[in-house]
Structure formats: C-alpha cells, structure tokens
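In what comes next, subunit A is part of two complexes: it sits with subunit B in the first one and with subunit C in the second one.
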Partner chain A sequence: MSVLTLRLAGPLQSWGASARFTRRTTESAPTKSGVIGMLAAAAGIERGDDDRLAPLAALKFGVRIDQPGTRLRDFHTAHHGISGKSMPLSERFYLADAVFVAALEGDRTLLTTLHTALGTPVYTPFLGRRSCPPSLPIELSLHDEGALMDILRQVPWQASAWYRRQYPGRDHIELTVLREADEVEQHTADVQRDQPLSFAAEHRRHALRTRVSDPVRIPRPPARQLPRHDPFDALDEESA
Partner chain B sequence: MFLTRFRVNTARPGARRLLSSPQAMHAAVMSSFPALLPTDTPTPDAPRVLWRLDQTARAEVMLYVVSPQQPDLTHLVEQAGWPAAAAASADPATPGWQSRPYSPFLDRLATGHRWAFRLTANPVHHARRKDGEPTKRTAHLTPLHQMGWLLERQEACGFRVLEKPDAQRLLPSGTTHTRQPHHGDRYELAVHDKRTLAFDKSRTAGAPIGRKPPVTLVIATFDGRLEVTDPRLLRRTLTQGIGKAKAYGCGLITLAPLGTAG
Partner chain C sequence: MNRIFLDVHALQTVPPSNLNRDDTGAPKTAVYGGVPRARVSSQAWKRATRTYFKREQLLDTSELGVRTKKIVEAVADRVTALDPSLAGETALRIADATVNAAGLKTEVPKRKADAAKEGEPAPAPEAKYLVFLSARQLDALARLAVDGMADITAFLKEKKNKDRARELADSRHSVDIALFGRMVADAPDINVDAAVQVAHAISVNRVENESDYFTAVDDEITDAETGAGMIGTVDFNSATLYRYAAVNVHQLAATLGQGLREDEPRTDPVRRAVEAFVHGFVASLPTGKINTFGHHTLPDAVIVKLRTTRPVSFVAAFEAPVRGETGGHVREASERLAEYIPDIERAYGDEDSTLTWVLRVGPNTQKLAGVGTESQSIGELVAAVGQAVAQRLEKPA
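== the complex of A and B ==
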C-alpha cells in the first residue's frame, strides 16, 4: 500500500461535518469529505461525477494534528452582489493558525495521479472553504510502501517556528492522530458523517465514518540554522 | 587586498552603539586604515573598503572587511572586543582580529570553479508611480523581487547562480504551473534576514537646527551557490561590491568552499 501525505496549513481553515443552515461550525481536524473533495477538485473530477469519485472515497484516511490552532467565530453579514438584498445572517466558525498532516492510504497509481494533480491542479485547492487559501504547498510526500500509521509516525513535525518555540527542550513531541477504525474497533469507535458519497451540486450525500484517536510520539526536528559560511575556509592558512 | 574578520563582543555598550547604527560602524571601519585620509577623493572604479556583519546566533556577530590596505582594528577591540584576551595572547599574529591576504585567492579564481557565496545587499530599482513623474529609488521588498535583482546582475558580476536539480523543486523545470519560465524556485539561492535599517545620519556643522529624517534602507542577505563565468569580472565584484549602500555594510560578497556550506 502507498501513502500520500498532505500538509494543511493556512491562516484560516474550516472543516464542517455537521454544519447546517446559518450556523456553520467546524470540526477540530480536517474531515475526510473536505480532503477528498479537495483532491477530486485538483484532479478535475466534476461535482456530479460519482463514478470517478468512488475510488478516491475508498482511500483510507487519517490526520495528524501538528498545531491545533484556535477557534474563531465570525458573525457573517453579506449582501447580494446584484440586487443588494441582505443575505441571511450567519455564524461561521474557523480554525485560525492550525497545521495538520493528512494521510491517504491506497492504490499506488491512484495516489501518484493525485500527487501530480496537486502540483498542477485543475480547480484551486482550499482548506474547507473557498475563502481559506493554504499558506504552504499542500503536497508533502508520496511514500511507495508503508502503512498509514507508520508514515504518520515518520513525517517530521510541521508546526510553525513560533509554535515550536513554546515547547522547548524536549526531544520528542506527542501528537494526536485521528484515523479510521480497524475491523476489531468498529463497534467502539466514534462516528462522524463525512464519508463522501456524492458532491453533486443539487444534493450532497455523506455516509457515517468511524474515527479513532491515537497518540504518536515523533522526534523534534532540529532548529533551523543558517548554513555555515566562513570565507576564511577558501583562503591560504598563512596569516598576514 | 586583505580579508579581515573580527568578532563583536555583543555584551559591551560600545558594540551596541556600533551595531545599532551602520553610520557609526562605517566610521569605525574606515578609521582602521591609517593611510586612508578623510580628505582623500576615492578613485572611481578602484577596489574599496567593504564590510558586512554576519549574525549567526544571538551573541555571534562577525564583522568581515575586504580592503586594499591591511586594517588596524585596535580601536574596535578596545570598544567592542576582548582587549584583555587580545593582550594576554601575546601573539602578534592574533591581535584580537584575523587578517589574511586576499589577492592570492583572487588570482586563483578561474572559469568553471564553483563556490558557495553570501551577500548582504540593498536591492533597489528606480520606479515612477505615474507618467511624467521623475523616478525614485525604491527598495525591492519581496524575496522574489530581491532574487530577481541579483539574477539580473549575475552576468555583469562574473558569475552564474547554479540551478537546482529538478527533484528539489516545487514546480517542474523552474516554471510556473502554466509553464511560464519563472525564477522563483529555480536556483540554489535563498534570501533571508530581510531587515529595514533606519538610523540618523550625523548632522554636518552649519545645518539648520531640527531633526532630519533618518536614513532608511531595506537590506537582505543572499545565500547560494555560484559558478565563475568571468574571473576578471568576479574579482572586480569581490573587491568593489554589488549594489547600493556599500558604506552601510552592503554589497560585500564572500565565497566559501561548497562542502562547508550546507
């Protein structure tokens, strides 16, 4: 099995799994439907094309919370662009300054196609809502061999420098991974309605999906250092 | 030509005064040349004194000076160095700073050699906001424009910045996603430590009373790898500097072996 990892980092993100009507909430981590939808958009799969969506939705999904971010509430007022009429008042929730690593496990050819599609996307990727652009390239790495959890234990910590500085001195950091349950855990796991069935514009459909939380310990990356540059290295030893 | 290195003792008030004002540092560097008089008119197109401050950690600040004559930094050691340690070493070769002849190295440069380089510069262009207005010197603010500024000059400076192998690039072949050529991610070149300097230029006698606007500069540090294309032009670049604000610690480019710079 191959694993594709994505870095979801941006000033704002919003991942709704149960958002309805004028209260648009966000989960604390990216949803499967949001990430699969983003990949499908990058690969140019149209909204109603459920046949091409099915292999993507069958991928195994997991997400690591590298930097949880803070929840932001927006009291949203908007007016219609042409008629000037006011739109319904709504409350929108965002995650500010969060960084996640999402991983998808599945067939190698499919993941290679998606990896290339992210480099030259057909529709621009966004973090859960069109108004939330990513601040760093989304594609992180493609691992030809490996299981989802093993890869999420290897990928370096992606949190921003200012966040990493708040946890100085430790050689390991413990992060949370939210992944789909195995057969054994099926009955004890949490469920969330974010397994995409159809992204058709007239009627989106989602099925229930299991979610298990696992801690992982990963080594801290060394602090970024300037490259060593000593012009004396190029000169002769004798001094003046 | 000589290349000189001096470590600044950042704990001393004298060092803080020098580090906080490029104007003061310039004066301190220029007064280390006993033969160079303030009334001397510089010959155009001749090697000149260039200096740069490299800060690699909070208390690790190095002053590099490239100069036609050998400098005497005694006054810098006294104000902003370790005078007791320099006196105790009792070795005339290490008087608190290191100075080495630069010319043998400059003469050895040959076409095709590859080096790592570092440059702190003041990348500017001349822009007008509307037609008919005189142009004004304006700083480049984004890393992309700052890189473009250096890449425009590389040929005239006698070197070529090396290109990255395709595997290390974010986008294929150094193009945008629409296949337009673009230097963004193409070269072995990084821009870091962009900073804005604002400092007062000391008032000359007889100038009207009142605060003059400070000198403001946007400077950035380039780290990268290059290949020598024209040793004669590169020698000129290494001894005469690149770009503006050479008196304020900009324009000095130094080379180091490729292996040592990560």
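== the complex of A and C ==
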C-alpha cells in the first residue's frame, strides 16, 4: 500500500460534518468528505460523477493534529439585491491558525494521480470552504510503501515556528491522530457522518464512518531543520 | 487540459476604520501566528468588487447579473418590452410560468397577498431566495415566454420547451455569476461553481480592536440643561491588510463559453472578465462605516501572477506578525514578500512558466520592484494581465 500525505495549513479552515441552514459549524479536524472532495476537485471529477468518486472515497483516511488552532465564530449578513433589506443572518465557524497532516492509504497509481493533480488542479483546492485558501502547497509527499499509521509517525511535525516554541526543551512531542477503525475496533469506535457517497448538487450523501483517536510520538525537529521558507524564525525568539 | 491560474496579492493600509463588523459592531478579527489580527471577510470584499463593476462601469450591463427575488417582474418587464400588447397581469403570468419551468420556484409573498385582499392590485410572485441571473438569461426567458404566450401552460408542458427553459437559465452566464458562482437551493442542477476564490483579508501586524467613546452636543441646549445630547462607542482598528484572491481562468473560460460575437476573438469574454476582476478587486473597498472613518485608501503594492500550476497564497510570510519598528508596516511587509516569494517558488517549482506583474507606490515598497514586471498604473497592469491571459488561452492544450 502507498500513502499520500497532505499538509492542511492556513489562517482559516472550516470542516463541517453536520452543518445545515444558517449555523455552519466546523469539526476540530479535517473531515474525510472535505479532504476527498478537495482531491476530487483537483483531479477534475465533476460533482455528480459518483463512479469516479468511489475509488477516492474508498481510500483509508487519517489526520494528525499538528497545531489545533482556535475556534472562530463569524457573523454573516446578506442584503437583498434591490430593496436592500436584510436577508437571514448566518453564523459560520472556522478553525483559525491550525495545521494538520492528512494521510490517505491505498492504490499507488491512484495516489500518484492525486498527488500530481494537487500541483496542477482542475478546480482550485481550499480548506473546507472556498474563502479558506491554503497558506502553503497542500501536497507533502507520496510514500510508495507503508501503512498509514507508520507514515504518520514519520512525517515531521508541521506546526509553525511560533507554536513549536511553546514546547521548548523536549525531544519528542505527542500528537493526536484520528483514523478509521480496524475491523476489530468497529464496535468501540466513534462515528461521524463524513464518508462521501455523492457530491451531486441535487443529492449530496454521506455515510457514517468510524473514527479512532491514537496518540503518536514525533521527534521534535532540531531548530536548524525548521521549514526553510520560514524566514522569521530569528525575529521572535524572546517574545514568543 | 490547459491549466491557467491567476493570483492577486495586495498590501493595503487602512487607518482607524470598521470595514466589516460582527454582530456586536466590532471589526472582525482572527488569530494567526498566535496573535490577534484584523480581518475583513471574503464575502465583504466580493460584494465591494461586484459593486465596483457596476459603479465604475467596468463591464457592460449586459455582462452583469442581477441578484434579486423579483425575478418574475424582471422577466415580465422584458416581455412587455418585446411585445407591448403583453402588459400587466398577462406579462406577469407568462413570465411566472416560464421562470418556474426553468426550475426557479416562486410564490406570492404572504404579506403582499394579504394586502391584495383589500383591493390592491394583484402582487407579483417572487422567488423565495435571492436568484442570480444574467441580463442575457432574463432576455432569453422573456423571449421564450412570448413564444408560448398563446397557451403558456400547454407550451411549457412540452418537454422540448421545458428543457429549453432550464437550459436558458444555465447558459450565457454573466461575468459576475461566472466569477462568484450561483447557488439555487431547490434547483441545484443550475448552480454555477465560482471561478474565483477570495481569502479573508488579514492584517500583517498584530491588531487589537479599540473603542471610541463619543459624545454629541445638542445645538439647541439651554443653560438649564447639562450634559451631552447623546453618548456612545464605536469600535475600530487600523491595519495593513494582506489581501489575496485566485482566479481559475480555465474554469472561468468553461463557464463563460466562447465569444458570441463574430467580430471579436473567442478569448474576449474571459479576458474582459479577468481584467474587470483584477481591477475591481484591487481598487474596491468595503464601505462599512465609511462616513464615520473616511478610510478611503488604495493598496500600496499589488502583485499579480499568471501560472500553469496551482495558485499560492503568500499569507505565511506574515505568520510572524510584522512589527513596524521603522514606522509603518508596509516597508517590512514588502521586504518579507520580496524574500518569501522567490523562496517558496524555488521550493515548489515552476518559476519558469510563471509571469509576474507588480504595481507599487512609494519608497516603502522598493524591495518589491524585483519580483516582476513593473506597471506604472492600474490600467497598464490590467491590460498586460488581460493580454497574457488571452495569449495563454489561445495556446493549444
């Protein structure tokens, strides 16, 4: 089995699993339907094309919480185009300042296609909601061989420099992974309705999916190996 | 398939202001990089952009859509224009039937229906929600209604005509519908996916909201009375905002279709849409409390990139907040971007196929001069971007 890892980082993200009508909530970690939907969009799979969606939805999914972020409530108004009168108010919830590593396990050919598609997407990827573009390219790497949990134990900690500084002087950090349950765990696992069946606009459908929480211990990267595109590391040292 | 993306980045400073407020009246905020920032929601800036199209006449009215519940009246007006013998109730009736055949459910608002019982003229049905239709779609629906005026019910029962109504509502989209999308709750098959992604603008610097306590004097007050005529507070902040939007040009081209006029190149509709968007997005400003604060500003720096790979936001350059120790935030923000852009593009590849333009003002943005071709004015920038987009579209996939 191969594993594709993704980095989901941006000022705002929003991953709804049960949001309806005027209250649009977010889960505290990316949903499977959100991530699969993003990959399907990148690969150019149209909304109603359930046949092409099926192999993506069948991938095994897990997500590691590298930086949990904070919850943000946004108050949204709209006005009538002509009369100027207010339309129903809505509340939208976001995760601010969060970083996740999502992993998908499955067929190598399919994962290779998805990995390429993220670099040259048909539809622009976003983090759960269109107004939430990623702050860095999403694709991390494609591991030709491996199991999802093993890979999530290896991928370096992706949290921002300012966040990592809050955990000084430790050589390991413990992170939470939310993954799909094995067969033996089926009955004890949590469930969440985010297994995508169809993204067709007329009848969007999701099935229940199991979710198990596992801690993983990641080596804390030495200061020098921080991501090279973070030029401000030196700036904030004493104030953080 | 040819992938064409355009991303627009802008640094814009606003003085004490309240562009976009939450339900408590305070300017919106978000935490980023662990510190509070000013935030202006994407929907606020999209509305400002759409308004700008109209106000500055960047696009012809025929290329714009109208977002309204009064869609039946809009079609009926056009029916009357096509055939003056069809007016009043007749026009409304055939317009309503056609609009419903297109999948847009309408009803007479209860409040107006009650009024009608007391001898008022019969009210027009309205859609239950705001519907976004282009001028060309309204024209086409009106023509269909006129075609079937003899017996509109029988006419629209025919599958051919019913399908035609749906098709009319789903083709020849206006530029703003193609850019910002359309969502119809009970006719999802005629939804349009937006080609534009606008991020929430956030400040590059740490921002905490402040509160202005004010008193207003009563001009007619007598000596016998004391105190202010009224007191209150207004929340505000000031910020240097990083603004970002990405246009999926190949998707926009698919939604808009090719040019309909014989005498123009087939890439013209997309070029005009892209030019209008870049101009409108850069120059527009949400007007929240604008008469209180007069925060009319324009961006100090604009960077536009045309790519064949996915668009990239540069917001991470400001994850550590800009301190502005040398006075103001624009200089340090520009230095950060000038360092960050080549760095991230080297790390993730494809600088070769990326075209970059810069529009900048003043010595504080000097460092950005090197990141792309400098434009002297917004007009020059927009024209150069439009031309490059048309060239990319012409290239075979």
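Definition applied: the second predicted complex is superposed on the first by the 215 of 240 C-alpha atoms of A that agree within 3 Å, B and C clash if a C-alpha of one lies under 4 Å from a C-alpha of the other, contacts with A are read in each partner's own complex, and residues count from 1 in each chain.
Please note the rule applied: a residue touches a chain if its C-beta (ideal position, glycine included) is under 8 Å from a C-beta of that chain, and two chains touch if they have at least 3 such contacts.
These numbers come from a predicted model, not from an experiment.
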item	value
Touched partner set for A:G119, first subunit B, second subunit C, both or neither	both
Which of subunit B and subunit C A:P221 touches, first, second, both or neither	neither
Partner chain in contact with A:A201 - subunit B first, subunit C second, else both or neither	second
Partner chain in contact with A:D97 - subunit B first, subunit C second, else both or neither	second
In the superposition, subunit B vs subunit C on subunit A residues touched	C
Which superposed partner A:P137 touches (first subunit B, second subunit C, both, neither)	both
Partner chain in contact with A:P156 - subunit B first, subunit C second, else both or neither	neither
First (subunit B), second (subunit C), both or neither touched by A:P55	neither
A:H76 touches, of subunit B and subunit C: first, second, both or neither?	second
Shared subunit A surface residues [contacts with subunit B and with subunit C]	119-121, 137, 228-232, 235-236, 240
Footprint of subunit A on subunit B - complex, ascending	2-3, 5, 54, 56, 64, 70, 93, 98-102, 104-105, 115-116, 118, 170-172, 177, 192, 223, 254-257, 260-262
Sites on subunit A touched by subunit B in the complex	119-121, 137, 225-236, 238-240
Touch list for subunit A against partner subunit C, complex	9-12, 42, 44, 47, 70, 72, 74-76, 78, 80-82, 87, 89, 94, 96-97, 118-126, 130-137, 160-163, 200-202, 228-232, 235-236, 240
For the subunit C and subunit A complex, residues of the former touching the latter	1, 3, 5, 22-23, 28, 30-34, 37, 41-43, 66-70, 129-130, 188-189, 191, 193-194, 197-200, 202, 244, 246, 248, 250-251, 308-313, 315-317, 319-320, 323, 336, 339-340, 343-344, 347-348
